[in-house]
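Look at the two complexes coming up: chain A is in both, with chain B in one and chain C in the other.
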Partner chain A sequence: MLENDRNQLHKLVEEALPELDMMIGWAESCDPLQTTPVFIRDAKSISKLTLGPFCSQNLAGYLVKPPALDAPPKPDAKPIGICVKGCDSRSLVALIQEKFITRDRVRIFGIPCRGTVDFRKVAQRVPLANVKSATMEGDSLVIDDSGTPLRLDLEEVLARKCLGCRYPNPVIQDVVIGQEAKPRSSSLAATYRDVAAMDAKPLEERLAFWQSELDRCIRCYACRNACPLCVCQDRCIVETREPRWLTQRVGIPEKFLFHFIHAMHLAGRCTGCGECERVCPMDIPVTLIKEKLNKIMEEMLGYSAGLDPEAVPPLLTFNPGETEI
Partner chain B sequence: MRIGVFVCNCGTNIAGTVDTAKVASEALAFADVVYATNYMYTCSEPGQQEIQRAIGEYGLQGVVVAACSPRMHEPTFRRAVEKAGLNKYMFEMANIREHVSWIGNDREANTRKAVDLVRMAVGKLRFNQPLFSSKMPVNKRLLVIGGGVAGIQAALDCADGGVDVVMVERKQYIGGKMAQLDKTFPTIDCSSCILGPKMVDVSQKENITLYAASEIESISGYIGNFTVEIRKKTTYVNWDACTGCGACMEKCPAKKAEDYFNEGLGTARAINIPFPQAIPKKAVIDAQFCRQLNGKKCGVCAKICPVKAIDFEMKDTIVTEKVGAIIAATGYDLFDHSVYGEYGAGRLPDVITGIQYERILSASGPYGGHIRRPSDGKEPTEIVFISCVGSRDQSVGRPYCSGVCCMYIAKQAILTRDHLPESNSYVFYMDIRAPGKNYDEFVRRAQEEYGVQYIRGRVGKIYQRGDRMVVQGADTLLGVQVEVEADLVVLATGVESSSGAGELAEKLRISYDQYGFYMESHPKLRPVETNTAGVYLAGACQGPKDIPSSVAQGSAAASKVQSLFAHDMIETNPQVALVNERNCIACGKCIQVCPFGAIQWKELRGGIKKAEVLPSVCQGCGVCNATCPPKAVQLQHATDNQILAEVNELCA
Partner chain C sequence: MTDSSPRSSAPADETAATKQGIKIVGFLCNWCSYGGADTAGVCRFKQPTDLRVVRIPCTGRMDPLFIAKSLIYGVDGVLVSGCHPRDCHYAVGNFYARRRMEAFKAFLPFMGIDTQRFKYTWVSASEGQQWQKVVTEFSEQIHRLGPNPGVRLRSGDNSKVSSGLR
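Moving on to the complex of A and B:
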């Protein structure tokens, strides 16, 4: 089935490429559990494109990060092709809402997603160096490490964000590749079960948890750089002197402030794509902070980011009638 | 930076609970502080001279005064440091009176908090920059919103002073509630006789442009330079042609239209001029009742009109006016008494409101000035007045006193006796509020000369018995239950804010209280100013008011406008937002959230877009700064670094 989908993708990209500036997708890497982003301009490279449970990167950010952000698009520029999963498509919608990209600038290849594998979870079960290949079969991931094939339950190896996924199918697309996927969650409670579990703990315990988690932060800013909606990049206020919100001092207060500035800047914008947590080299569950804000947004304002390109995010508008909030 | 700190005793206001000498001595130890002292009254002439002397003697580059609220004396001290040669923004104020000495008695804790506040002010001052205002021309035209007596007074006063006035009134006539009144207290002079000439003046003054049947669509700009869009509502009559002859009214076959001017006591024609003295005297078609506009064959008015003014195809039009100042005089509305089930909730036809009774008393009213009751047209002999209907009643969300009802009940009771000498009037009241000049004497006259029976107590129930109504209440002075059989009951419905007051306030960007009354800038010292420069208040839009107070406020607001218009140029406020283009990522969020439309795109070479603040439109609210992710927009004099410096000092 995956083979069919891949062939369909290659065929569709081949047809579309002459009209495209470039195609952004995933390619296999040396590691069977991970893929790498690939930027394709010529037909010869199309065969590199792949899809499947290891395509974990959200590629939407490449459309708006420097140098893409610095140079305004030329009026006659061709659209850019991009592969998106359900969660990635919401990032695109959010970027369209905020007018960072226009809809006609992108050709969207939508890929229904059955969940992405967090290779770090696999590594806890089997040494990564031994893994020869891995395939998804039904509800399990089958690992070939030269011995007896190891069957791992998907619930154990999928990325945390995938377990409560409500939107596995792209919410915006030009073409769709493969069969529609079934959502793993259909309720707020299931999507935000980790937030609820955290909320149930006493305040001191929560504080202690975040102090110990954030203490590991090395302020590498990978979470910020990977976030498709963190568009300030090298103008980020955690690195400027004017204004000088943060010093380079290494301490928990600075790390707290950085992560909470990041979260507050995403309030009402975060689509929960989980990139920040995926790229964290220190395994800090940083998406959880944003999930808490997303939950508040849904409960208080009935708003989920990245679903409707025409919607105005509630925190990005001035409405004098909103006196009740 | 060389900083001087001046701690004010404010007599005993501050020194009573704060050790000001200790605050000064501790301040002297702060970095950059080269001089610190305390003083009896820093705002006094010698107090200001002390600051100016110290600036010279110690070469101060910045000054901190720890005293009262900056709302009180910041302008005073800014002027003082400016006179001594400093930029006036190299000054900070720490509020150790309202925020410290007035709210706590613990001298030690107060002193500690005062020291903290001074340290924060010093911390901020280190990051202050000199700021400079520019000059903007003043457009010497005035917009008056509302054509009631307060608005009329303001417009006439300004027009007399040579100011061009634009008046907008949403009804088809000016005169407001006063035009509906029969007589006015406490002199019993005829309302339309004293108001009429003023209304005529409005229409005849060459420098007053009147837009009746019009509403404010939008307001942009700032003091000295407002742009106002006015929606002229569809009247279906070309007012330029209409002569007010009234021929259309006579022939109009739709006779069952709502008579708003007579408060629903009679009926009107679908094409109508509400009363003979109406200004402007122009007809308007009520689309709800017009036959032609409801798809029936008619058009009688169009045939009869001698000047062919009828236009069934008419649409709303928008006109734009540019003005330099605005007076809001939008008046009030009356409480809807139907929430009171015990008073019949509007179901009993002979339970009427005070304003309906005014129309009954009026010679130009629905009954030609004869007192009759609406149900059967009989002359009443027993009349009950009930005060505080929708006033001083927390349970209906109206805890305030409407201020005028006690007086108009007394007036109506007196007039009733004049009209019907055989009648008996009863007034159920909670307290009698008659604090104006000759007011209490007037109420006494009602009681003593006119035999009006005042019963202190509330009415519990009104119900029908035969063709009369039984009013059951308590006489709390005698401690007994009383029952009056009445032919007519008049409810003194209270004053509430004008419908749509909130929406207009949003357009004017002025604040309003929970009841919709507009907030004055200071309840005692700035009663007709708002916190938006160039916008003034007159009349009952600011709170319940009688005619003399409304007229006085109209004149007061007019004098404020004229003192503004005495200047050709005004200084702009430099405390506005400014974009650091290097940091701007062109996300446009500031443009999206700016409530004033003060931010726009600017294109640099190579088509790179950046946000740009229009300093003359910016009101310095800071929403853009809060929204900007890289904080490229900074509010001058409240920059992130200045505020962070304060926070750091507080946490130090």
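Moving on to the complex of A and C:
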């Protein structure tokens, strides 16, 4: 089935490529559990394109960061083709909403997603160096580590954000590849169960939790760089000297403030794509911070980011009538 | 406080916390609450001395990160005050502020910071008495909570709490 989808993707891209400036997609890497982003301009490279449970990167961010956007697009520029999963498509919608890209600038290849594999979860079960190949069979991931094949339950190896996924199918697209996927969650409670578990703890425990988690933060800013909606780029206030929000000190307050800055700047904009957590080299659950704000936005203002290209993010607008929000 | 800011006399009962130096930062809108505080001063209403006032042009200027930074670095309380809704000097600044403050207030406890250390309120320039009430109540509330421990790790408190998320 995956093979069919891949062939279909290759065929569609081959047809579309002459009209495209470039095609952004995933390609297999040296690691069977991870893919790498590719930027395709010639027909020869199309065969590199792949899809499936290891395509964890959110490619939407590349549209607003180099190399896809080194300079402002010319008026006659051809559109950019891009592969998106359900969560990635929400990032695209958010970027269109905030006018960072126009709808006609992108040709969207939508890919229904059955969840992406978090290779770090697999690494807890089997040494990554031993993994020869990995394939999906129904609801399990089969790992060939040159011994007896190891079957891992999908629930155990999926990325955390995928477990409560409500939008596995792209919300915006030009073409769809493959069959529609079934959402893993249909309720707010299931999507935000990790947030609820945190909220159930007493205040001191929550502080201790974040102190211990954020203590590991090395402020590499990978979470910010990977975030498709962190669009200030070299004007990010965590690095500017004027205004000077953060110093180079290594204390916990600086780390807290950095994550507050990241979270508050994404409040009402974050689509929960989980890129920040995926790229964190220190295994800090940074997406959880944004999930809490997303939950607040949904409960308080009834807004989920990245669904409607015409909507305005709730903190960029107001309603005089709401006296009790 | 600057010279033009309202003078305040010492609170009637000096608690231990006052001696330790409780610090409250107040972000006041230039057009309403700053005037309200001035009115309270001119009328010689008794006010607690814990408040340090930062004058902002409008509560619409109020970045929730001002509050975050204050509380993270150990300020004991943050009070934000502006014009009543529909009374904003710039027509809509406080509407934006209201949403941000509400969202931030709900978010603070998730990170382990007591939401009682933050309050936002609306006080107009003529409401000297209201200002006295707000600032006295908030100051009392912060005194009850005591000094803000901030987010720094206390020594011997370095044990790793497992996230259990991955």
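We adopt the following convention: the second predicted complex is superposed on the first by the 312 of 325 C-alpha atoms of A that agree within 3 Å, B and C clash if a C-alpha of one lies under 4 Å from a C-alpha of the other, contacts with A are read in each partner's own complex, and residues count from 1 in each chain.
Everything below uses one rule, namely that a residue touches a chain if its C-beta (ideal position, glycine included) is under 8 Å from a C-beta of that chain, and two chains touch if they have at least 3 such contacts.
Computed from a predicted model, the values in this text were never measured in an experiment.
The larger set of touched chain A residues comes from C, when the choice is between chain B and chain C.
In the overlay built on the shared chain, the residue A:Pro243 is in contact with chain B alone; chain C does not reach it. By the document's definition of touching, of the two partners only chain B reaches A:Phe100; chain C does not.
With both structures placed on the common chain, the touch criterion links A:Ile289 to chain C but leaves chain B unconnected.
Once the two complexes are laid over each other on the shared chain, residue contacts for A:Phe318 go to chain B and to chain C alike. Contact with neither chain B nor chain C is seen for A:Ala129 once the two complexes are overlaid on the shared chain. With both structures placed on the common chain, the touch criterion links A:Leu203 to chain C but leaves chain B unconnected. In the superposition on chain A, A:Cys30 makes contact with neither chain B nor chain C.
In the superposition on chain A, the residues of chain A contacting both chain B and chain C are 245, 315, 318, 320. Put simply, chain A touches chain B in their complex at residues 69-70, 72, 98-100, 231-233, 235-237, 240, 242-245, 265, 312, 315-318, 320.
Touching chain A in their complex are the following residues of chain B: 506, 580, 582-583, 585, 587-589, 592-595, 606-609, 623, 627, 629-632, 634, 639-641, 644.
Of all residues in chain C, those touching chain A in their complex are 63-65, 68-69, 72-73, 85-86, 92, 95-96, 98-100, 102-104, 106-107, 109-114, 150-153, 157-161, 163, 165-166. Across the interface of their complex, chain C is touched by residues 118, 120-121, 124, 160, 194-195, 198-199, 203-213, 215, 245, 251-253, 256-257, 260-261, 263-264, 267-268, 283, 285, 288-289, 292-293, 296-297, 300-301, 314-315, 318-320, 322-323, 325 of chain A.
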